[in-house]
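Residue numbering begins at 1 within each chain, and the chains themselves are lettered A, B, C, D, E and F in the order written.
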Amino acid sequence: MGDDFDANLPSVRQVQTLIKDNTEVEVKLVTSDLVVGKVRWQDNNCLCILDHYDQPTIVWKQSIVFIKPKVS
Amino acid sequence: MGDDFDANLPSVRQVQTLIKDNTEVEVKLVTSDLVVGKVRWQDNNCLCILDHYDQPTIVWKQSIVFIKPKVS
Amino acid sequence: MGDDFDANLPSVRQVQTLIKDNTEVEVKLVTSDLVVGKVRWQDNNCLCILDHYDQPTIVWKQSIVFIKPKVS
Amino acid sequence: MGDDFDANLPSVRQVQTLIKDNTEVEVKLVTSDLVVGKVRWQDNNCLCILDHYDQPTIVWKQSIVFIKPKVS
Amino acid sequence: MGDDFDANLPSVRQVQTLIKDNTEVEVKLVTSDLVVGKVRWQDNNCLCILDHYDQPTIVWKQSIVFIKPKVS
Amino acid sequence: MGDDFDANLPSVRQVQTLIKDNTEVEVKLVTSDLVVGKVRWQDNNCLCILDHYDQPTIVWKQSIVFIKPKVS
């Protein structure tokens, strides 16, 4: 595996927690797009976000600006 | 081969599945361009997308923000 | 750990000081967003910023343009 | 040589074919500029594009979003 | 230390000279922000710029477009 | 030295030729700024451009989109 996926990193574990807890998140991207949904999986390069209709979006990590839990 | 193409990665396998299934996708790029078509091949650096007229566009992976299957 | 987290680097130590001192900061991002709050933790890839309501934002370091202490 | 120039990669070979065939291409860049012309050479870091007046533009690969053959 | 801080590089030495000489500089960033002030220190990842009120801004090197001495 | 400065690369040699020949160039940057002048030196990370008043601008290579000789 590449050097940007280290299960001991707090940020990687936080994303794992978001997956496990089915937390709805907002992912801000370099284009200023905001992808909203639940994180299904992550790997070295990508996150997969499922929207309200369970449609997947494969987000490249290189384009992520921030992630935050959606405040309900 | 470079370290960003690992056939065991979920994201790489997902793209391989998109290629095999001839799925129409939307590829969002850092310029906010949206390239629509079918993924023909991928390598370490690029994806090749064929549009409706079978014209190829070689997309640099470094510029990809997200990919999603086109909802018909 | 990756090569961009080196506790001997001045910049990493400065962020550690911001965390320890609970300093309110402004983080400017490549999208021109300004995230304001306190740095809770950092790792190789990310910073976590808590806003006034203690809501966390996980900021990808790749998207940081600058950080400065908020002038009160 | 660096690890992003691998003559076995499909994308590198495709660019070599564009050079050999004197194909007119459109190169989209991160600034949204579109450089149009023929690819003269490539190396690890750059492509050289000749416009209609044979003026060269040295394009940094880091800034390429996509390349496509110009449809005549 | 990482491979992007090499005290033998002209660019690194130039920044060291700017620090030593207390030169006022303009730092252009990818967001098109212009940070004006004196360079206090640099490391692998960052530059610290002090403005006229001695307020520090920690600039990520990844976001720097250019630096030039301010013409008085 | 880092792996992006290889005197055998065509692109590096071309820039060396621009320096030796005192060629006036246009350097397009990711912010869409265009820096015009003569290249004084290059290293792994930067180019130094002198404008008409011999004022230097240290351009980070990471921000370069393209370089072309200025057509007179």
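Everything below uses one rule, namely that a residue touches a chain if its C-beta (ideal position, glycine included) is under 8 Å from a C-beta of that chain, and two chains touch if they have at least 3 such contacts.
Because the structure is a prediction, the values reported are computed rather than measured.
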Neighbouring chains shared between chain A and chain C, ordered by label: none
Chain located farthest away, centre of chain A as origin (C-alpha): F
Chain of greatest Cα-centre distance to chain E: B
Interface composition of copies chain A and chain B: same or different, split at half: different
Chain A and chain F, separation of their C-alpha mean positions in angstrom: 38
Euclidean distance of C-alpha centroids - chain E vs chain F, Å: 19
Rounded Å distance, chain A centre to chain E centre (Cα mean): 33
Shared-contact residues (touching 2 or more other chains) in chain D: 3, 30, 62
Ring topology as an ordered chain list, initiated at chain A and continued via chain B: A, B, D, F, E, C
Contact set on chain F toward chain D in their complex: 3-4, 6, 9-12, 14-15, 28, 30, 32, 61-62, 64-69, 71
Residues of chain B that touch chain D when the two form their complex: 1-3, 29-31, 33, 35, 41, 43-46, 48, 55-60, 62-63
